[in-house]
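Chain IDs A, B, C and D follow the sequence of writing; residue 1 opens each chain.
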Amino acid sequence: MKTATILIQCPDQKGIIAKISNFIFKHDANIIQADQHSTDPENGRFFMRIEFYFDDSVLPVKKLNKDFSELASTLSASWKIHYKEIPLRMGILVSKYDHCLADILYRYQSEELNVEIPFVISNHNKVGNLVNQYNIPFHHIPVNPDKKEAEAKILELVCDNTDFLVLARYMQIITPHFIEVYNKEIINIHHSFLPSFKGANPYRQAYERGVKIIGATSHYITENLDEGPIIEQSVQEVSHKDDVEVLKRKGRNLEKITLANAIHAHIESRIIRYLNKTIVFK
Amino acid sequence: MKTATILIQCPDQKGIIAKISNFIFKHDANIIQADQHSTDPENGRFFMRIEFYFDDSVLPVKKLNKDFSELASTLSASWKIHYKEIPLRMGILVSKYDHCLADILYRYQSEELNVEIPFVISNHNKVGNLVNQYNIPFHHIPVNPDKKEAEAKILELVCDNTDFLVLARYMQIITPHFIEVYNKEIINIHHSFLPSFKGANPYRQAYERGVKIIGATSHYITENLDEGPIIEQSVQEVSHKDDVEVLKRKGRNLEKITLANAIHAHIESRIIRYLNKTIVFK
Amino acid sequence: MKTATILIQCPDQKGIIAKISNFIFKHDANIIQADQHSTDPENGRFFMRIEFYFDDSVLPVKKLNKDFSELASTLSASWKIHYKEIPLRMGILVSKYDHCLADILYRYQSEELNVEIPFVISNHNKVGNLVNQYNIPFHHIPVNPDKKEAEAKILELVCDNTDFLVLARYMQIITPHFIEVYNKEIINIHHSFLPSFKGANPYRQAYERGVKIIGATSHYITENLDEGPIIEQSVQEVSHKDDVEVLKRKGRNLEKITLANAIHAHIESRIIRYLNKTIVFK
Amino acid sequence: MKTATILIQCPDQKGIIAKISNFIFKHDANIIQADQHSTDPENGRFFMRIEFYFDDSVLPVKKLNKDFSELASTLSASWKIHYKEIPLRMGILVSKYDHCLADILYRYQSEELNVEIPFVISNHNKVGNLVNQYNIPFHHIPVNPDKKEAEAKILELVCDNTDFLVLARYMQIITPHFIEVYNKEIINIHHSFLPSFKGANPYRQAYERGVKIIGATSHYITENLDEGPIIEQSVQEVSHKDDVEVLKRKGRNLEKITLANAIHAHIESRIIRYLNKTIVFK
């Protein structure tokens, strides 16, 4: 038995759920969970996540893909399928703040996160020890001001060997060129409640503005820095007693959980992107 | 065009979603939202909420009911249907603390809550003025220690004229006899984070125990006081500075929102009861 | 016996708490609560709130004021004192969305808020009924594009008869002229998690951006719209299922509580302003 | 320069803050932060935390202790003092669930937690590797049903070498004998929102009850299991979709943060115990 998850989106019309659930039923598969969303019952856009298991000796993966592809084309749908038995390969980029990295690696080792981690890349050497403790390859790739060389090296590593990337507090701007060449999802954690406090030093910005709640935001990277589709946000009360260092400490807790939740949603195929937003089926 | 919502539960088996969505499709209705849940993909229990609109000149309500009833019986399902155009009739019982009542009446008047309120019943006369301001009939029914007389009067009012009841801080124990005779849903707000602090004076109990967070719980009433299926809970941080009066003040905010959210979920047919729990499709 | 609260701020130096608490002790008053904050133990700014009761037949208010004034001048401090027995007079301005108004009036009537409300002013006639139910004078002052006439009328009402103003969703920009002439605190509720989504239609902005949490912010009005010192913020999770109308509905709950909490903090003399921030002693 | 924090409690009376702040002033020390609380302005109990720095070449620690002791005795106060430069020695006990342990060790290594960790003790061998990565001594002490032998071994290790203990998911009941002999603070993390779901398998209990929010509670250990003074609580929304495994996963995030916050409060001398409650000066 295999477990698959299909994410699909298409123009809304009558009968889509019937067609997809009939497909699953006729292929003798068993729905574990189905969620759908429509932006509008009339002329909206339709989104669906369907998780099911099936006997691949009866329904070979190849046939499943081919048959569903045919259905999807009648719906003018874009879609993707993920097989749970094949963990996604998650590349991690990190700078010197390693709290998110340590958190992810612990979750990985304790089998909370169903991924493979082919390597961790950092522009700082100091996180190497931590990575090595988990027997994961570590690559130190320093970044010069023009970035070209470093990005080329990183692309060489990640293009073929990862299914998505996580920027676990990677304090380098990713160029549009990198995003275009990599052409897969890149998840970032920004240490503020976006769209507040984009850019550098968000905790300092939050302190200066005197907010009473701080936040962290995990989002997909796009060409527009800190403006990609938001996946997950978390918040925490603060007060006048909290200086910038305390905001950072409280914020680290938010960053770790927010990024971990976003990774969970991504690897369980719970997220569909549309326009500059996400549908996250929880 | 009419809008209907069906809530259905049955033993899980392959093809249920296909059958139900085919039914909707073949009756030329248009799904607005569909949610489902299964306790287990293998031999679990299946729950579904499906909201759709249809042309009742083509599909008369009578036929819709008859046809769906046939489908449901092939699935050994229990189900109910609600038509959005027919607002539920919500009876309110309240004692002297009227913050939840005031909150509900405001939401009702501002058309946030799609209900009819045939009357408000109280064992205290003091809330009458508030009720009258909203042009809603008010019944003052004092409660003696043996309750029988009062409950009889209340039953006479509510049995035929309400679809469900809300206990908006009604500080009287509802007897099993009342629950049995009324035989429809009764929503209560308990001023603690259940199952902590059942019974009387929960804020006093919370204060004595020194908890750092207080809560409120909205649940359906069953024969076992404060032990019915939980619909909604909310919480709020407190500290050693907060005496019982402050806990009550903070708690009133929780009670109002928690009860209002539970009423929303109920009147939008988002709740299915099973065993002593709820599935709430948000 | 009378209860007074002093708010004081001054350059930090050794011995301030000793001096102030000695003052209270020597005047035979009894501290109920004392809180202080310093931005930095070395050369920072010092803030203190001290609540105490005293026998005004022994220590007349006049003498208390005079003596404390002398102490404060030795500290180069700015300060104010408030006597609990003299409720602040709170003027309310509101437009057509009256949920915050209804919430405040209920809290006022149920004696949760220790204030006087000399009147409610609105640029819409529709809220008059609600106000009249509470036997509070209502003034309908329409606003023309140039605002001058309306602001003049409002100033005539508020300058002598209120101690502070609350903008309970008053959808008109307050001019710098008004702020200068009124010269007392004005509390606003903004329906977003500032500094995100300043300006008009913040729920629409939040929807477009696809945030996963919305908020509300209560702040003092300054010349810079939506940029005054933040008093209180609250947040609420949202999802892709929530359209703009649902965001507004969820947001109303936040707005009501956030504004009510800010009013509580203000009338209990818990807030000190400094630069563009607040110290809120909870 | 040295930094000290005094925690003091005594019967409330006029002038205590004056006396204590005068003491600090006259000893030429500089207050960094002062907080106090009284359960009642009339005949209540008074609690204070005062953090200050001083020049120990002018005011030797011995003299500071002696002088303050004299003051405290005039107030019938119990008190303790902690010098920031001398980190507390924190012994950790843990069973096989090591997420809290990993979290604490990371915070320790990254210098977020100002403690010494003389060793980690576990009744399971499996956490040894994790501990060794941080170069901290590890003791494997299996527990037999009668516990006596294990507790004796543990007491031998902890009595002289630790200032307090942390039970970081130590799934063994601590006997009253152990508590009496150790006679210092023991901080526990319980994986529920106490007082709900005391005892074993709280996530299973929460699942069975159908709560909509789960929690974690950190508290001091007393002879009554899960009933000691609460230090910190955190909560997280859950839904009908979350089975026991998901509750555990979400709960681990709560447990880690709740315990870490409690440890922070303890080592910064922010907690005073009174009756079965805590005053936590944040």
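One rule holds for everything that comes next: a contact is a pair of C-beta atoms (placed from the backbone, for glycine too) under 8 Å apart; a residue touches a chain by one contact, two chains touch by 3 or more.
Model, not experiment: these values are computed from the prediction.
Visitor: Can you check whether chain A and chain B touch via the same residue numbers (shared by over half) or via different ones?
Guide: Mostly same residues: over half of the interface numbers shared.
Visitor: Where centres are the averaged C-alpha coordinates, which chain has the largest centre distance to chain B?
Guide: D
Visitor: Chain A to chain D: how many Å between their CA centres?
Guide: 36
Visitor: If you average the CA atoms of chain A and of chain C, how far apart do the two points sit, in angstrom?
Guide: Chain centroid spacing, chain A to chain C, equals 41 Å.
Visitor: Which positions in chain C touch two or more other chains at once?
Guide: 239, 241, 282
Visitor: In their shared complex, at which residues does chain B touch chain A?
Guide: Answer in residue numbers: 14-15, 17-18, 21-22, 24-25, 28, 30-36, 38, 41, 53, 237.
Visitor: What residues of chain C sit close enough to touch chain A in their complex?
Guide: 37, 193-197, 209-213, 215, 229-235, 239-241, 276-280, 282
Visitor: Can you name the residues of chain C that touch chain B in the complex?
Guide: Against chain B, chain C makes touches at 98-99, 102-103, 106, 110, 112, 133, 239, 241, 249, 253, 257, 260, 282.
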